[in-house]
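Next come the structures, one after another.
Two complexes follow with subunit A in common, the first pairing it with subunit B and the second with subunit C.
Up next is the complex of A and B:
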C-alpha cells in the first residue's frame, strides 16, 4: 500500500517536474512577453547538446548543465537583438521567422554534428521502495523544479530587476518614460527565457536520446502548460503543471501513455473553453 | 515539418548524379533509380546510412560496367521522416523523373502511405526494412526481415531462457501493433503469458509510468518494439531506474545502434534478431564493413538496413540482366523462377516468388554489459514462409493488401 502510494507520488512528481522545467522558458517568452517563438525547442536542444559536449570534455555534470543554459541564453539574446526584436508587433511574421530559425538550427546540427550524439548516462543510481526501483536523478529533478519556481518568483516579485521587467512588458511606454532602457530589458528577459529552455535541455540530456529534433518532444507539454497557466507564470504555470501532472500520471497509470496524452489535450480544450485567460486570468479575475 | 532540407537534398543529389554519370559519359540510356529515404527528422539516425549503402552499390556496379552495360543514375530525395513527403516524392519520381525502380521507406507508416501510389502508377518499389510482415503486393519487393524470421526465432528462445511471462512495449502505429500481435500469438503457442502490453505514441520520450507498470507486472523479459529517436530514451530511463530485465527486440540495435549511442550498461541483456549488423563476424560481413568504411569513413554505424539496401541493388541488377529489360512483368517472371539469389554481406539470400520477400540468415545479437555484441546463436536460411502458407501467391494474383495473423488472406 505504502509502496503504491509512493509510486503514484513519484509519478506525479516526475510529471510535474517535466512540465515545470520544460515550460518555464516558454512561460517567460510566450506567456509573459507574448512572443511566439517556434524555435523554442531548439534552445532546449542547444542546452542539451552543449551540456553533453561539456560533460564529455570532463566538466562535472552540474557545471556542464549551467554551461548549456548559459550558451542557450547568450544565443537567445543575440537572436533577440538581431531578429526577434523587429517582429514584436508582427506575430505572423515572427511565426515564419522563428520557424525558419528552428529549421536552420535542426538541419544545421544534423549536417555539422550528425544524426545523433552519444549520451552521458544518468547519474546518481537508483533506490528501491517496496517492489519498485526508481532513478535518484528523477528526485533531484523534482527538487530543481520547485527551486526554479521559487527562484523565479523571488526574481520577478522581490527584486528591482523583476519589477522593471514586469513593468516594461506590461506598459513599455510608461516604463520608458521613467527612464528604463526597455530594449535592454527585452533582451535580458528573452535571454532568461532562452537560458531556462537551455537548462531544461541540460537537465534532461542525461536521460534522453540526443538528436537534432529532440526539442520537439518538449513542445506539446510546455505549450499546454503555458496555455493553461495563462499570462502570469507563477499564478498560472505552477498550478497548471500540478493539475496536468495529476491528469497525466493518473491517466497513464490507468490506461497507458496514449491516454495520458489524450488527457493532457482534453484538459487544454476544456480549460481554454471555460477560462480563456487561463488559470492565472481566472485567479486574477476573481480578485477584482 | 516543412521542407527544411532542400539544400542538403539538392547537394546530395547533385553530388551523387555528378559522380555517377561523370565516369560513364552520357546518361542517356541510364537506369534511373529513385531513392526516397529519411535524411532528416526523427528517423534520420537509422536511415541516412541507407542512402550511402545505395550509393556504394551504384558506384560499384557502375565501375563494373553498369547493369547490362547501362549506368545507374540515382534520383535521391530526403523524405524527412514525414509520410506526406513520401507521397509527394513517390509521385514525383514515378511521374516526372520516370524512374525504373524506387528504393523507399523506413517506417511502416511511410510504406503504407506510398504503396497506393506505387500501385496507381504501376511502379516497382523495394522496401529494404525489417517490418511487421504481411504485404502481398506485386509492385513491392521486400528485402527486410519479417516476423517469422525475427519473432518465431527470438521469442521461443527468450522464453526458454528467461521464463514464460512476457511484457511488450511497442510503438503505437501499424508496425508496433502488428508486431505485438505476432509476439502475443507466439507467446501463446509456446504456453506463455502476456503479463502486460503497452503501446507508446511516436515521439513520447518520458517513460516513468511505463517503467513502473513493467516492474509491477514482473515479466521474465520485455519485448521492446520502440521506434524513433524519442522513444529510444526508454533504455536510459529504465537503466537509471534499475529495471534490470532482459529485453528482446526486432528493431533495436540492428537499426538505431542504441548500444553505440547510450552509455553502458543501459542496453545490457538486449537480444535482437537481425540479418546484419556491423559486428557480425563472417568474412562476407567483414568485407562489406571494410569497403563501406573505406568509402564513407564517417559513417556512425552500418546497420541491417544498409546491408539490405546494398543487397537490393544487387538483386535488381541481377534481375534486370537476366530479364534483359527493366520491364516489371519481365522482372517478376524472373522472380517467379524462384532462383533469384545473391551472396552478399549477410550470406546467401533468395527472393520468394509467392510473396516477393527475401530469405535470411538470422543472427541473435546479445548486448553485453560493456555494450559489446555477442552472438549466442544463428538461424540459417529462414524463408519468409508465412505469406505463402497463408495464401498469398503473387505469381497467380495480386491483391495489393497487407495481411496479419488476425486478418489473413481470404481463403478460397
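Up next is the complex of A and C:
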C-alpha cells in the first residue's frame, strides 16, 4: 500500500518536474512578451546537444548542463536582436517566424550531425522502495523544478532587474520614460527563456536519445501547460503543471504514455472553453 | 449577447453591405456578380482573359508531356484545397490554425478505412470522399466550438490546433499492432495504410478509375477551379465581408450585431473541410497515407505556402501554393532535408520583408502599374 502510494507520488513528481522544466522557457517568453516561441523545442535540442558534447569532452555533467543552457541563451539573444525584434507588433507573424527558425534548426542539425548522437547515461543510479526501483536522477530533477520556480520568483519579485522587467512588460512607454532600455530588457527576457529551454534540454539529455526532432517531444506538454496556465508564470504555469501532472501520471499509469498526452490535450480543449484566460486569468479575475 | 435580439433592425445587417444593385433579383446572377468584389483581387476583362488563358494552358498541358508527369502535376493540385482553406481561416477570418494537417490526416485515414472495408463498386469512393470530408468538418466543428465559443485569442488557436495534429500523429504512429484495425482496414502504425482504391466515377460499361494519370489531373483541375471560383463568390458575399470585418475589428463587428463566434466557427469548418478534401485526394492519388502527413513539418508547409502567396487574397494563395510546391519538389531532387531548410528560410524572409505575401505584393504592384498606365486593370 505504502509502496503503491510512493509509486504514484514518484510518477506525479516526475510528471510535474517535466512539465515545469519543459515549459518555463516558453512561459516566460509568452508571459512577458506575448510571443509563442515555436522554436522552443529547438532551444531544448540545442541545450541537450551542447550538454552531451561538453560531457563527452570530459566536463562534469552539472557544468555541461550549465554550458548547454548558456549556449541556448546566447543563440536566443542573437535571434531576438536579428529577427524577433522586428515582429513584436505582429504577434501571429512572430510565431510563424519562430516556426521557420525551428525548421531550419531541426533540418540543419540533421544535415550536419546526422540522425542520432551518442548520449550520456543517466547518472546517480537508482534506489528501491517496496520492490520497485526508481531513478535517483529523477528525484533530483523534481528538486530542481521546485528550485527553478523559487529562483524565478525571487528574480522577478525581489530583485531590481525583476522590477525593471515587469515594468517594461506592463507599461513599456512609461518604463522607457524613466530611463529603462526596453530593447535590452526584451533581449534579456528572450535570452532567459531560451536559456531555460536549453537548461531543460541539458537536464533531460541523460534520460533520452538525442535526435534532431527531440524538440517536438517537449512541444505538446509545454504548450498545454502554458495555454492552461495563461499569462502569469507563478499563478498560472506552476499550478497548471501540478494539475496536469495529476492527469498525465494518472492516464499514463492507466493506459500508457500516449494516453497521458491525449488526456492533456482533452483537458486543454475543455479548459479553454471554461477559462479562456487560463488559470492565471481566472485567479486574477476572481480577485477583482 | 450579440444585441441581435434587442435590435431587430440590425439583424438585417448583411443586406447593408451587399453592394449588389437591388433590381438583381435573380439569385444566379447575384452570385455570379460576386465573382468580382472587394475581398478578391482581379476584375475586368484583363483578369478573366488571363485566367482563361491559364486554364487553357492547363487543359492542353497533358498533350505535351507523358502520363507520369501529368500524374505528378496532379499531385500539386491536391494540396491547393488545404491552402485555400487555410487562406480563408488565416487571411480572411484572421485566426491562424497550425493544425490543418489534422483534418487532412483524419479525412485521409477516413477514406482509407471506408474504401478498404466497402470496396469501390457503384462509385462508393465518391461517397467515401464526401463522408471523409464530412468527418473532417465534424472535427472542425467540435474543435472550433471549444475554441471560438471559449473566446480563445489568436495565438492559442495555433497552439491548440498544432497540439491536436501532433497528438493525432503520435496516436496513429503507435497503431502498428494487429489489434489496431477498423473492420478490414489495418491502421499499420508508422508505415501507414496503403492499398485503398483510387477514386472511381461510375460509368456505363465499366467504372472510370482515376489513377494518378491524365483523367485524375482533369478531375482535380476542374475541382480546383470550382472551389476557387466558389470561394471568390463566397468571400465577396456578405459572409466573406463579415469575416473580414471580424479580422479587422472583432469588437466592432460584434457591436454591429454579428455573432463573431459563429462566423469564425463557420470559416474554421470551411477550412477544415477543404483540408479534409486535400487529405482524401492525397490518399486516393498515392493510395497510401502515413502518420508523417500530420507531423510538425507537414503542418508547417501549408503555413509557408499561404504566407508566401499572400493570405489575404485567394488568388495569391493559390498561385503562391503552386509555386512553392513546385519549388519544393524541384529542391527535393537535391535532398528533401535541404528543401525543408530552404522552406524555413523562405518563411522567415517572407515574414520579415513581405508580411503580406510575395505573390500578393507582386499582384498589387502589377495592378497599380496597370491602373496608372491607363485604367485598363
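Quick notes on this one:
Throughout what follows, the second predicted complex is superposed on the first by the 287 of 288 C-alpha atoms of A that agree within 3 Å, B and C clash if a C-alpha of one lies under 4 Å from a C-alpha of the other, contacts with A are read in each partner's own complex, and residues count from 1 in each chain.
Convention: a residue touches a chain if its C-beta (ideal position, glycine included) is under 8 Å from a C-beta of that chain, and two chains touch if they have at least 3 such contacts.
Worth saying up front: this structure is predicted, and the values here are computed from it rather than measured.
After superposition onto subunit A, partners subunit B and subunit C are found to clash with each other. Residue contacts after overlaying the shared chain place A:216 against subunit B and subunit C alike. In the superposed pair of complexes, A:110 makes contact with subunit B and with subunit C alike. Once the two complexes are laid over each other on the shared chain, residue contacts for A:171 go to neither subunit B nor subunit C. In the overlay built on the shared chain, the residue A:5 is in contact with neither subunit B nor subunit C.
Of the two partner chains placed around the shared chain by superposition, subunit B is the only one that A:133 touches, whereas subunit C remains out of contact. In the superposition on chain A, A:272 contacts subunit C only, with no contact to subunit B.
Contacts of A:258 after superposition: both subunit B and subunit C are touched. Of the two partner chains, subunit B is the only one touched by A:121; subunit C is not.
Using the contact criterion defined above for the overlaid structures, shared-chain residue A:96 touches subunit C, although it does not reach subunit B. Of all the stretches 2-10, 128-136, 146-154 or 272-280 given for subunit B, the clashing one with respect to subunit C is 2-10.
Common to the subunit B-facing and subunit C-facing surfaces of subunit A are residues 99, 103-104, 106-107, 110-111, 213, 216, 258, 261. If you check the complex, the residues on subunit A that touch subunit B are 7, 10-11, 14-15, 18, 99, 103-104, 106-107, 110-111, 114-122, 125-126, 128, 131-135, 137-138, 206-214, 216-217, 249, 252-253, 256-258, 260-261.
The touching residues of subunit A, when paired with subunit C in their complex, are 30, 34, 36, 83, 86-87, 90-93, 95-97, 99-104, 106-108, 110-111, 213, 216, 219-220, 223-224, 226-227, 258, 261-262, 265, 268-270, 272-274, 276. If you check the complex, the residues on subunit B that touch subunit A are 1-2, 4-5, 7-8, 40-42, 44-45, 48, 172, 198-201, 203-206, 208-210, 212-213, 215-216, 229-230, 232-233, 236-237, 239-244, 260-263, 266, 298, 300. Those residues of subunit C whose C-beta lies close enough to touch subunit A in the complex are 96, 98, 143, 145-147, 149-156, 158-160, 162-164, 166-167, 170-171, 174, 295-297, 300, 303-304, 307, 337-338, 340-341, 343-348, 351-352, 355.
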